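Note that the chains take the letters A, B, C and D in the order they are written out, and that residue 1 is the start of every chain.
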Amino acid sequence: MPEKNKETAILLLSCPDQKGIVAEISSFIYQYSGNIIHSDQHTDEESGSFFMRIEWELEGFEIPKQEIPGAFGVIAGKFSMDWELHFSSVIPRLAIMASKLDHCLYDLLLKNKSGELRAEITLIISNHSDVKPIADYFGIDFYTFPIDKENKFEAERKEIELLQKEKIDLIVLARYMQVLSENFVELFSNKIINIHHSFLPAFVGAKPYHQAFTRGVKLIGATSHYVTKDLDNGPIIAQGVISVSHRDSLEDLIQKGKELEKTVLSRAVKHHLENKTLVFGNKTVVFD
Amino acid sequence: MPEKNKETAILLLSCPDQKGIVAEISSFIYQYSGNIIHSDQHTDEESGSFFMRIEWELEGFEIPKQEIPGAFGVIAGKFSMDWELHFSSVIPRLAIMASKLDHCLYDLLLKNKSGELRAEITLIISNHSDVKPIADYFGIDFYTFPIDKENKFEAERKEIELLQKEKIDLIVLARYMQVLSENFVELFSNKIINIHHSFLPAFVGAKPYHQAFTRGVKLIGATSHYVTKDLDNGPIIAQGVISVSHRDSLEDLIQKGKELEKTVLSRAVKHHLENKTLVFGNKTVVFD
Amino acid sequence: MPEKNKETAILLLSCPDQKGIVAEISSFIYQYSGNIIHSDQHTDEESGSFFMRIEWELEGFEIPKQEIPGAFGVIAGKFSMDWELHFSSVIPRLAIMASKLDHCLYDLLLKNKSGELRAEITLIISNHSDVKPIADYFGIDFYTFPIDKENKFEAERKEIELLQKEKIDLIVLARYMQVLSENFVELFSNKIINIHHSFLPAFVGAKPYHQAFTRGVKLIGATSHYVTKDLDNGPIIAQGVISVSHRDSLEDLIQKGKELEKTVLSRAVKHHLENKTLVFGNKTVVFD
Amino acid sequence: MPEKNKETAILLLSCPDQKGIVAEISSFIYQYSGNIIHSDQHTDEESGSFFMRIEWELEGFEIPKQEIPGAFGVIAGKFSMDWELHFSSVIPRLAIMASKLDHCLYDLLLKNKSGELRAEITLIISNHSDVKPIADYFGIDFYTFPIDKENKFEAERKEIELLQKEKIDLIVLARYMQVLSENFVELFSNKIINIHHSFLPAFVGAKPYHQAFTRGVKLIGATSHYVTKDLDNGPIIAQGVISVSHRDSLEDLIQKGKELEKTVLSRAVKHHLENKTLVFGNKTVVFD
């Protein structure tokens, strides 16, 4: 962790692997008097891809913030990079979508309040009004969009409009019980994080705890992943498990699972908010 | 754990749930001056079944060992019990089936040697001769039954003959790479334990580490289960997981998995050897 | 878990180990038409002590609730038992003591609200007023007793008075930063649960995360225990750990630790509330 | 992991933190056509120290292996680095010291045999002859140096002579029951790895499982660390824990602990053998 008060720049990038990338980037930073405080890289040998996260202090860095993209663009072009530049001073704007279950919602709100999740939770969307009092307690704008078969398209249109108007950087599905349309998902590619209450790819789809109970597993899991158009099949960011036994009823599984869902979801959200995740194909690199 | 030197009797039973079972059994033991040292029970509410494991010291017990089955049979009949009676003085006879991979084989042999797994490892069967030197080192009889499509039926016939002749109580498939026939499995119902190198039911079938690598999971698992005619679908006895990341190659997954397979398989075998497992439907009760 | 609607009786007992205890108790229950739904026992061989937790349905049980203690007392006397009788219909009255840190407080309140912790959280006591808004949000009575060297005796006197008046069954110290006096502790023997933010007995006393950071450990822990007059030395109910590395600053340790503290404390409280804990000497039996 | 067949160079270094280190090192490698395949760094803010591990392929690198130290020495001097250069083609020479317990010894030998631990296990030293047959089975030279109060100095002298003559790179104490003298430890500074059978700093010294049993902990641990002159107080490389309960006897703790000791020790040894550990003060950086 950098000292909390010092502003940093973070580059997240991927490109075809080749010699000289690290040298070029680190020399660029050094040349303008930047002090690198974190650097992590990964090479995927199958695809021949190179991934990097590099963070440096802006204090004393000789290129003004707004000019860094232009200056770095030259290097990026040379190596055919996909890249993002983030500043630690910019707090991401986060929207939570929830239904009736409130454990993940509370957990995100409390971790945000205590400073563990560095985001501005801008708004909460729900297809029900049950969790409105929670939004009120935390002073977060709350929007209800009831959804049924008929109005789904229209409801999503309004949600998208709202999310775009509010310049939302990350959408977290906190046990949100509606499947988002392909259009919705594509508009927020790699910007929607979901929690699935099983150890994916086991128990895909509905009622995974019921499935786990029926199968008689000795561990139950939770999986947090980016949402793609293929249900429960997006790039996995974090997973966790907890022991269960024959003594656990279905209700016990659900209860134990709640604790796990909170932990796994907030871990994934934290990784994303700290710009530590990169998606490649259907996998993630998590620079933790 | 009882004192190692005191001989005990262990009853494992299941029956329809009803009042008075515990009272009847514990009174039976007390009436003949037995000292109960462990008692564990479970009621499955879905099926209305009652399960019990009860262990008492034989020292001072007024019914001779060979007459206990007859005496207890009266109670068993009254409650329509399925039951097994074991004596701690009887060391189960265990056969290991292995192919070329030796990590689980070594692990079982070493844990047996050090007293952690209380069994007499009577023989090792393989479809190859690679692991014969290991059998020799530990002084265990070794049998090779090469298997191909043509001879499978005949080879299994000989294996079964051997296992029956040697009065084998438990067969452990220590990464044995052949699928046993339905006939084989039924002859040794709930007496064959396998280790599957994934977190079942994720990644059923062949090459689960390859599947896990392709899916980009953040945890890999291992599952030990009783073998039934449905491949990888038998009652689960034990499961474990270990963290992996984008840095882990397929080879790393395989290596990390080995450690896990050993741990999970030996845990399941230990539970069985200590008469702590009961199968019901496609699940297990593990009195650990 | 019993069906939620059926009322049960739970006996928690300990006595010198001897033959016939289980038979006597189970026959007592059966004789009056009780249906045992859980029974767990343990024998501590060192001390020759027997421990038991037995739970049966009251529906159809032929002794009225208020007469059970008298009826069972005869058996208890015969075996010199220490025993407690609980009814599942009686919701324990719980008091939380907190200071400024609110993560454990929130966690207990939310788990209580969602039904995971079955208690009536009667009141919250703090030596500060910071967490009062939380008490208000959850509608719990809140009492501030500021404490300094001079008034400690007097403040505790008032707290004790309040706790006794409110017939509190369990006091949970949710990161409460004051050391309770010997007198206080003895008045609520085995009825005060604390969370210590380290893997006891490592890092006893103040600032355990600082100690852990300085020592360079690779795991940090949390320990929930009954409070005794010896600081951080009471009977342990639950422990947990989480991985850390050289990358984790002291602040990261504190943050990771919070998650752990919540989990471990609520698990211990849950065990107690479900009458699953028994203290013997400086250890616990946890019938989980 | 690099492709197994490609030879790599690995630099491990530490120096006072300052701007330009990464740029200088990566440019040095790039300038001579090296392809960086791994790079990891850490800054300890307390001490203002910078740590790095960087690995590049030697194929095509324009400086001959034997001249790399001279060439890099210029950069190292400029930044006042402590540094080590390793080549993946050089297999470290490892000595194991053991007493009578053989579980960690077997584990290291088997993992070495299967390729999981890349080392040449050159010799085994013991103060007893019990484990000699194991050395024989694996074809490793075995030396017995019985140790008592009188001969300790002389025995250690011979051990040191042997270890130096055999150019041992790493000494692993696999539950070796003798305390090494200060002189011995200093001669092999940061080259001796021990496994302590507890979660340090809890239960320092003799009989930690007895201590853990008496304290009634719910988790037991194991700690692998570099040996320093302060017993059980050296820099920690890896730690692990496993759950225990009131049902576990002291003997059960010892047995469960064995599994843990093997896992934790081999993990630490693997980190060291892959040149992923750096010691600073009484802590380690583990680039895993």
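Here is the rule we use: a residue touches a chain if its C-beta (ideal position, glycine included) is under 8 Å from a C-beta of that chain, and two chains touch if they have at least 3 such contacts.
Bear in mind that the values here come from a model prediction, so they are computed numbers and not experimental data.
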Chain pair, B-C or A-B, that carries the greater number of C-beta contacts: A-B
Chain whose mean Cα position lies farthest from chain B: A
Euclidean distance of C-alpha centroids - chain B vs chain C, Å: 37
Chain centre separation in whole Å, for chain B relative to chain A (CA means): 42
Contacts with two or more other chains, residues of chain C listed in rising order: 45, 247, 249
Complex contact set, residues of chain A against chain C: 1, 102-103, 106, 110, 114, 116, 137, 249, 251-252, 255, 258-259, 263
Residues on chain D engaged by chain A in the complex (per definition of touch): 3, 19-24, 26-27, 29-31, 33-41, 43, 45
Interface residues, chain B side, partner chain A - complex: 42, 44-45, 199-203, 215-219, 221, 235-241, 245-247, 249, 281-286, 288
